[in-house]
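Reading through the structure tokens given below for one structure.
In order of appearance the chains are A, B, C, D, E and F, and numbering begins at 1 in each one.
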Amino acid sequence: MFLTIEDFLDVAEVQALAQLAGQAKFVDGRRSNPHNPTKSSAIGDTTDPAARQAAQIALTALQRSEAVKNFAFPRRMAVPNFARYEVGMKYGPHTDVAFLPLSSQPLRSDVSCTMFISDPSEYQGGELAIGLGTEMVRIKGKTGSAILYPSTTIHEVVPVSSGARLVMITFIESQIPDQLQRDLLYSLGEVRALEGLKIDWRNRVQLEYVIANLHRMWAR
Amino acid sequence: MFLTIEDFLDVAEVQALAQLAGQAKFVDGRRSNPHNPTKSSAIGDTTDPAARQAAQIALTALQRSEAVKNFAFPRRMAVPNFARYEVGMKYGPHTDVAFLPLSSQPLRSDVSCTMFISDPSEYQGGELAIGLGTEMVRIKGKTGSAILYPSTTIHEVVPVSSGARLVMITFIESQIPDQLQRDLLYSLGEVRALEGLKIDWRNRVQLEYVIANLHRMWAR
Amino acid sequence: MFLTIEDFLDVAEVQALAQLAGQAKFVDGRRSNPHNPTKSSAIGDTTDPAARQAAQIALTALQRSEAVKNFAFPRRMAVPNFARYEVGMKYGPHTDVAFLPLSSQPLRSDVSCTMFISDPSEYQGGELAIGLGTEMVRIKGKTGSAILYPSTTIHEVVPVSSGARLVMITFIESQIPDQLQRDLLYSLGEVRALEGLKIDWRNRVQLEYVIANLHRMWAR
Amino acid sequence: MFLTIEDFLDVAEVQALAQLAGQAKFVDGRRSNPHNPTKSSAIGDTTDPAARQAAQIALTALQRSEAVKNFAFPRRMAVPNFARYEVGMKYGPHTDVAFLPLSSQPLRSDVSCTMFISDPSEYQGGELAIGLGTEMVRIKGKTGSAILYPSTTIHEVVPVSSGARLVMITFIESQIPDQLQRDLLYSLGEVRALEGLKIDWRNRVQLEYVIANLHRMWAR
Amino acid sequence: MFLTIEDFLDVAEVQALAQLAGQAKFVDGRRSNPHNPTKSSAIGDTTDPAARQAAQIALTALQRSEAVKNFAFPRRMAVPNFARYEVGMKYGPHTDVAFLPLSSQPLRSDVSCTMFISDPSEYQGGELAIGLGTEMVRIKGKTGSAILYPSTTIHEVVPVSSGARLVMITFIESQIPDQLQRDLLYSLGEVRALEGLKIDWRNRVQLEYVIANLHRMWAR
Amino acid sequence: MFLTIEDFLDVAEVQALAQLAGQAKFVDGRRSNPHNPTKSSAIGDTTDPAARQAAQIALTALQRSEAVKNFAFPRRMAVPNFARYEVGMKYGPHTDVAFLPLSSQPLRSDVSCTMFISDPSEYQGGELAIGLGTEMVRIKGKTGSAILYPSTTIHEVVPVSSGARLVMITFIESQIPDQLQRDLLYSLGEVRALEGLKIDWRNRVQLEYVIANLHRMWAR
């Protein structure tokens, strides 16, 4: 399932991130996936102070977001990083690695997140294209928006034909790794929130009984 | 989980069953569980015409019951049979066998059902006692009522000290063998039914989305 | 996952189906989903001889298709039926019911299938729109093509604004109900088929070992 | 499954806890569940030194108990806290939240535990009533006893009509979250312990083989 | 897990099968696995009357065997067939197909069974060699014995260097497809049978409670 | 599944370990399994400096081994320890305990590892014998080799009849506790590695898609 969050970053945050991207050191994107010959992009140098400051801004936004919490059931998040695609750059079809080798313990990538800093008007091409068999979902988010999508797919960034695409990306380890289970629990939570006080008390208790038990049953 | 259904059988059906029990041949209850030294009861001879007629009345009641359908998600049911406990009779703690050896293919016992023909005023003792660790649920249903309870427990019929206890019993193979899963799906179905038209259409579609997918996921 | 199969039906079959649709009796589409106020369509009367003949043509095509077999791991299929959407008709967001009440035993809907008889040029609107959270996949297949998609989604047919949309639809119960598991097994099968004799014999045996065991493990 | 442990606390511990309850600060019980309008109780202020001392006594008792260890397979336990119900107080039907937001990482509530400090003779009403569909288990433990029951149920504390009910409560995250699996493993462990040296060595090795593998298989 | 059953067939049955093998028509073994270039053997023609008679003898032996029943939890069995390996013949490393395409519905191969008609003294080579990573189990059964082993392995028949190896083979679909689960349930059943009346009644009820619930939980 | 790794330790490491074994204090092997009357062996005293130094050498070898990483998917490893079997010593049939009580948190034993310091020529008997029902795998590794085998089996060390057997043993908690799942993922990884650049890029992406998703799905 996909969740686009409009206004995930406010205007000041977007400006700060764009400015930090201008200061930060970038390295060859193949550093994070050396075996993929179809990848050409620039990613932030994670030891660079400006990149670290940007990561902190993005993490703060992720942690304050109720939508992220309700949709992704995050347990841990990887440090967000810049990715910049200039003209001719792309990231061919690939699967996100199952476990990111963090220093403490590996982080399972269940939900991938792209935060859009550039506005779609600033570049041609560069869509995030997520394969679903013979169909494809193509996403080019507005500046300040974020898209959450399952890490379990084969996806790509199509070549940029003009301008430059600047995003931040990260990976979320969810309490609930199975995508359908996660979506069912999110959906029940939405029903509870949207029906609110309209629902009979006794039915609300039943709904909470189901939600709590599915949460226990599916969390890993 | 337990479901007591009052007025599961109507007065005419109870009378017919009591009368058929008077006509039918009974055999030693140990025939269905020869290795259990704590069992002493009489059960209907399944080849007897009166016992067969009684089975048909009980099956009809089971199949028409919306409560049984919503609670137990029945796939198949064993042929109901009489059990009679006279003074001193009992069925010590036991587990229902996992698979009943029917002629076609074995029937998994997920939900056990007792239908009460005698009224509680007609006998002393004879409760159905269902063990839950150091606690116990004791059931002595009204005439015409039925109790559905998980076949997965250790349970017993305590000794009858006066009068006679006449019941019919059967076993249901559920589409959803896991007890908690079955109860969660039942609970969501009840919320949907009770909220009815009060719930927003969009939330109702979400609820049906969850129900349909849990049903697919858990059915075996 | 989605699978579009071009030329699923040949020209003669499409013509025959169009002709049979002209002869067959149609009934109100709400017959198959009476509680959904957003549904307005016409569906074939399943007792009508022309509708039955059409069903047979569609079933034959489904059974001969290697793509259907490899992708959907079909165990059983529902009888295909006509659906016709004329101007103003639609089928609002809904979930396919988990179990279709067939005469023999309920059929679990794992994969939904739409076979396109009308060509997209013959009508405006009428896309099959499949919800994936805040994204949507929209499908308007060529005449003679078929689309297979998971029955587990919320999907809709958007209103037809001109012309008429004639399709046949059916539901497949898969050996492998979980969508991701089914897709992983399909993907391994494709790798085996595409690598063919290029793959070392010893690696091929390993691949078959994995495929056979996943198949056993996931089939229900 | 339910486990009542008599003499879980010794006389000195019960006296110490009663005394500490007299000294500790109590706050409105809704603090731990603000959305539940049916809750009226007083709970210990977890920052109060007397409440902390009481928690330590209760934790020590939980950790030394072989019964708790064998029955609940505890991985972590929440800090126990006082709950006091005076006349008219109650806690209506509710489900325990699936994950308690501890500072380190959320604790999944699999097994709930009530330790009885008041004796049943000191208050009327105030039973812990645990719903099992249309049946209910009602518990009013002796002073010094503890009851362990699944956190997965809808349960309540019925209104106190005279006197006051003082208990300590906590939640256990089990290695084995599924209730039936946990009970089966507990049952096998009991058989091994009770048969002891009577069992043939070869059969004992088989039993340990089963126990060890179920433990591995079910632990999460 | 492996189960060798000595004296699975009695002397008369072995003689009858050897005689029928002399009468029956044999065909190229690649008929049952045309894509495997490492297979060279002769298998019975399943339409031949002598082969059918042999199949019936083998089926009878399988169905009467308590060991087969307790170990394999058979739901269905494929029709047994002859396999004959003469000098130079073999069947290289392979995995048994997950589902055998029977006329009614596919049969999942969970347990493979070889029944030995030749005595090991009658041929050199021809062992059944079952791979377990870098180790291998090699089996050359006595005349009249049967070996049951998991169909989930990569296994082979090594080349016969002198004499001829005549066996019958079949495949069992188990109620319990997972090999470890099946073995745990078998082990508990053996403990129950071997301890017999020595075990305390209350412990026996607990053991039956565990066995019945594991059986329900794991059967598919 | 079994994995024998030749030259797991180099000559210098074997010599160092043999020397450290000569210096280290040994204690009665029953210390680690006091209830098993069939165990007679000597194990290193884990507080002894020479035993600790040996443990470090063995850990280093385990952590550098690509074979261990690919085959066992290790999450954590217990501290390796010496075991010495002199004439008449043995360790009768037993199951490894499911969880080792480490100071931090219990370690689940999924894969057992024996590292051979003595050469097979130095002792008679002393094989590691791993039961698989009525078959058995017997292992007597070369000096410097290691064997990894599932902790889920009943296994034994048969009596030493001459010389002395010196090994180091440890236990691995795997990311993937289920043995068959672990082996399937290992097998796919081997296919990917062995086919290497020969495989079409598009098929390689598909294979990685399957591997990454099985890894996510099965890791616990």
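By definition in this document, a residue touches a chain if its C-beta (ideal position, glycine included) is under 8 Å from a C-beta of that chain, and two chains touch if they have at least 3 such contacts.
Bear in mind that the values here come from a model prediction, so they are computed numbers and not experimental data.
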{"item": "Both-way neighbours, i.e. chains that touch chain F and touch chain D", "value": "A, E"}
{"item": "Same-residue or different-residue interface between chain C and chain F, half as cut-off", "value": "same"}
{"item": "Inter-copy rotation, chain D to chain E, in degrees (Cα atoms; steps of 5)", "value": "180"}
{"item": "Chain A-chain F separation of Cα centroids, rounded to whole Å", "value": "40"}
{"item": "Junction residues of chain F - those touching two or more other chains", "value": "152, 180, 202, 206, 209, 213, 217, 220"}
{"item": "Category of the chain touch graph - line, ring, star, complete, other", "value": "other"}
{"item": "All touching chain pairs, where touch follows the definition stated at the start", "value": "A-B, A-C, A-D, A-F, B-C, B-D, B-E, C-E, C-F, D-E, D-F, E-F"}
{"item": "Chain F partner contacts - residues on chain A that touch it in the complex", "value": "37-38, 93-99, 105, 108-110, 151-152, 154, 177-178, 220"}
{"item": "Chain E-facing residues of chain D, complex", "value": "180, 184, 187-188, 190-191, 194-195, 198-200, 202-203, 206-207, 209-210, 213-214, 217"}
{"item": "Chain D partner contacts - residues on chain B that touch it in the complex", "value": "1-4, 132-135, 137, 139, 152, 179-180, 183"}
{"item": "Contact footprint of chain B on chain E as seen in their complex", "value": "75, 175, 201-202, 205-206, 208-209, 211-213, 215-217, 219-220"}
